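Once you scroll down, you'll see the structures, which are given as structure tokens.
Both complexes shown next keep subunit A, but they swap its partner, so subunit B is in the first and subunit C is in the second.
Let's look at the complex of A and B:
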């Protein structure tokens, strides 16, 4: 595990994985902006989250490192396990948010019969406060 | 130990509330009494000069979950407790499901923990917990607009948290630790390095999405305006402050003063411009949340001890009057039949007398009438500002605040025979009392010397000039309508605005080196 007494001369991680994560993040944001379908938007959000997770996993890597499981008597360079532990929590949180968002989309689809974000906004603008009855 | 107990007790009460729904009112009282005892203990330790700190899980400092009961943490935790009491009292007679109280307890517990934590990854997790609960609270009544606002909030917040997490990754890959206290000493030697700018920009952008900063938090006007009053009060008074406390703690480690000042000025001025053009009062209050965050960011960015204390005081003051504004406007709207200004004015006789008095105190508080909360906190903040342009920006925001609240004048004065419930009066008295007695209460936070300076003649004169000028300018422009771009608040555009904000912060960090 990396000590924190000094700034590392060369930061941990692989460049290739970081570049792939950056590209995936960009694709995710583009889809989030350009696509109007709410389900596609949530998939794009999933891609953004996956890119972040890939980046975090990549920073635990070191040249020639093995998985961080040290057998008795073995001396080996191990990957930093802390980013991997962080990633586990992040995956759970992202899953929870995505699941909840999908439930919200489902409620909106039941009401407006479309997944198109612009049409949902237009329909909502047409409704007056009195007409706006609770969903479910 | 009290540092861990405070959030944990709330989480236990959350489970008890949903398991034994009939006893939820007793649990609500008990939870606040226990919290008060724990907070009192922590305050005593702080006054004695020995703030508590703890690292959970046996991991070394820098990697484990670290918490500290310092002045900043306790200020935010006490604010959370005060607002929790007010919301519990406000909703006492409402027929809310036990699920609401479960969410309320979880939210307050998360806010306690967020106030004290100095670990970046714990901040990420707790911010996610608080926002997950906020999504559910915004959509509590299951109205389509609430669910839409909540979905918007969810998507932008998740994007922001991803950016924050990448920032955490960059910091960890260079330093091998995530604790802000350790990072403070570690990074003091490497200021000016390019990776530090990247990490700073990512972390600031991620937190700004939660903190109610313009270009980042464009989910805020619809979420705060469409949620039910008790929820809006909590979101505006407390939840966005959790992003702000993160920015404040980050400011001790990363050289983010210039970005904070620029973001503060943009947020303050644009918040006012949009508020002036809003005639739905709940939406107006939501835009004012943005504008008031502008003051706080400028105070933190000014990098003087007095300005920081002023910004901290303003955090508390804003929490009090914005919660009271949302609660009173919410009740007024339910009596008058809508939160549109025209409806409120037409049906003002329906608004209960007690509600109107509370609304008046909150309005006087936010426009900065001496010696109420807004005036005192703003005066301390201004004392800490060294440069003239910053003074001018603060003055501009103050005048704009008066101009936009001048719209409410007809609502404040009318006769009414309606009455409100006793529990709501208690809630208004609790928050209103805090606004009126803010000056003596703030002695707990600010030293008497600084606090006395806030009550001097120049500050009092300035406050009255600002109020007079704001009222006069409102009379001049009240018939005019402006077309402001509302496209930026759409779900398609706001992610781009977050990225734009990130590049702005990165550019400012690179310039400021």
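Let's look at the complex of A and C:
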């Protein structure tokens, strides 16, 4: 199983991965909050998830460690498997959120014919106003 | 305008919190829970799986994984429920080029073979049930792109697929609870640990990997099929 050795991390590589994760996270959160397009918001959510995964993988690493797959009798420094197992949850939950959110975006687009969140909010306000007016 | 400013402040706050988390974990005194050292030092004897990650998520933290499968099922159920309520578009049946149809003949069996490889050897090499299921679903997606959704739905009835998914979920839960019948704690390992590195090792991990691969395959395919039906064609 010597093939897995090529994945061995370089010293300081984990810090670089963490910095990249931070930059991706920042871009993702800013796009999620500031952009008005719902599809862009979902893509930003995916970016935040990717950053989280990179961060989890980077904290599981240690200098000179190889992937946590070990044969009996083999002595090697292994990466911490616990964050790697957490990554799996992150991926599955992200899949679930993205699939459901995409369906909701599709329903909103069918009804309001736009992906702009501000315009959808305005349309919804107008609808509630129209519903309330006859009662007065 | 005020709302916009509040959003910027909230976003900056979230990014700063993440920055603090990153610096605590990497520069300060990183917490080293004793669980992690246990997973590193004793996992091979306790789980029998050479793939330590599979050992963690299908043995020590099996409950997490089962709930994760439930989250996945709920998502599939939600997508199916909401998309079937809204009307789909009617598009003409688009047939792909000869190149795509020829490539699919090679790619789809390869995807199914990789699925079997990752599911069966998930406990001794990189892989596992979740990855295997997604690979198999993408193999079926290639066929759908080349020959159209109608060709696949003629073979795989969507209603029957939904029932299959529920049956696999039930089988997974029953298998997880079956140790009670043998006087053990639920979620504990039922099968023999075996020699690490061999095919029959790692206790129940092999069975869980295969069941999860089937579950994710059927679930992911259900999501793809419902989206494709809604849109008319892929």
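Going forward, the second predicted complex is superposed on the first by the 115 of 136 C-alpha atoms of A that agree within 3 Å, B and C clash if a C-alpha of one lies under 4 Å from a C-alpha of the other, contacts with A are read in each partner's own complex, and residues count from 1 in each chain.
What we mean here is this: contacts are C-beta pairs under 8 Å (C-beta built on N, C-alpha and C of every residue); 3 or more make two chains touch, one makes a residue touch a chain.
It should be emphasised that the depicted structure is a prediction, and the values quoted were computed from it without experimental measurement.
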Answer with first, second, both or neither: which of subunit B and subunit C does A:41 touch in the superposed model? first
What is the contact status of A:32 with respect to subunit B (first) and subunit C (second): first, second, both, or neither? both
Is A:59 in contact with subunit B, with subunit C, with both, or with neither (first, second, both, neither)? both
After superposition on the shared chain, which partner residues are touched by A:101: those of subunit B (first), subunit C (second), both, or neither? first
According to the stated criteria, A:16 is in contact with first (subunit B), second (subunit C), both, or neither; which is it? neither
For A:121, decide between first (touching subunit B), second (touching subunit C), both and neither. first
Identify the partner contact of A:76: answer first if only subunit B is touched, second if only subunit C is, both if each is, neither if none is. neither
Is A:49 touching the first partner subunit B, the second partner subunit C, both, or neither of them? first
Determine, under the contact definition given at the top, whether A:91 touches first (subunit B), second (subunit C), both, or neither. second
Return the residues of subunit A at which the contacts from subunit B and from subunit C coincide. 1, 4, 25, 29, 32-34, 55, 59, 82, 89, 93, 96-97, 100, 104, 107
Contact footprint of subunit B on subunit A as seen in their complex: 1-4, 6-8, 11-13, 25, 29, 32-34, 36, 38, 41-42, 45, 48-49, 51-52, 55-56, 59, 82-83, 86, 89-90, 93-94, 96-98, 100-101, 104-105, 107-108, 111-112, 117, 120-121, 124, 127, 129, 132-136
In the complex with subunit A, residue positions of subunit B that touch it: 62-63, 121, 124-125, 128, 132, 135-136, 139, 141-145, 147-148, 150-151, 154-155, 157-159, 161-162, 165-166, 168-169, 172-177, 182, 186-187, 189-190, 195, 338, 490-493, 495-496, 499
Quick check: in the complex, which residue numbers of subunit C touch subunit A? 7-8, 10-11, 14-15, 18-19, 21-22, 25-26, 30, 33, 35-36, 39-40, 43-44, 50-53, 55-57, 61, 64-65, 68, 71-72, 74-76, 78-79, 82-83, 86, 124-126, 128, 130, 195-197, 223, 230
Quick check: in the complex, which residue numbers of subunit A touch subunit C? 1, 4, 14-15, 18-19, 21-22, 25-26, 29-30, 32-34, 55, 58-59, 67-72, 78, 80-82, 84-85, 88-89, 91-93, 95-97, 99-100, 103-104, 106-107, 110
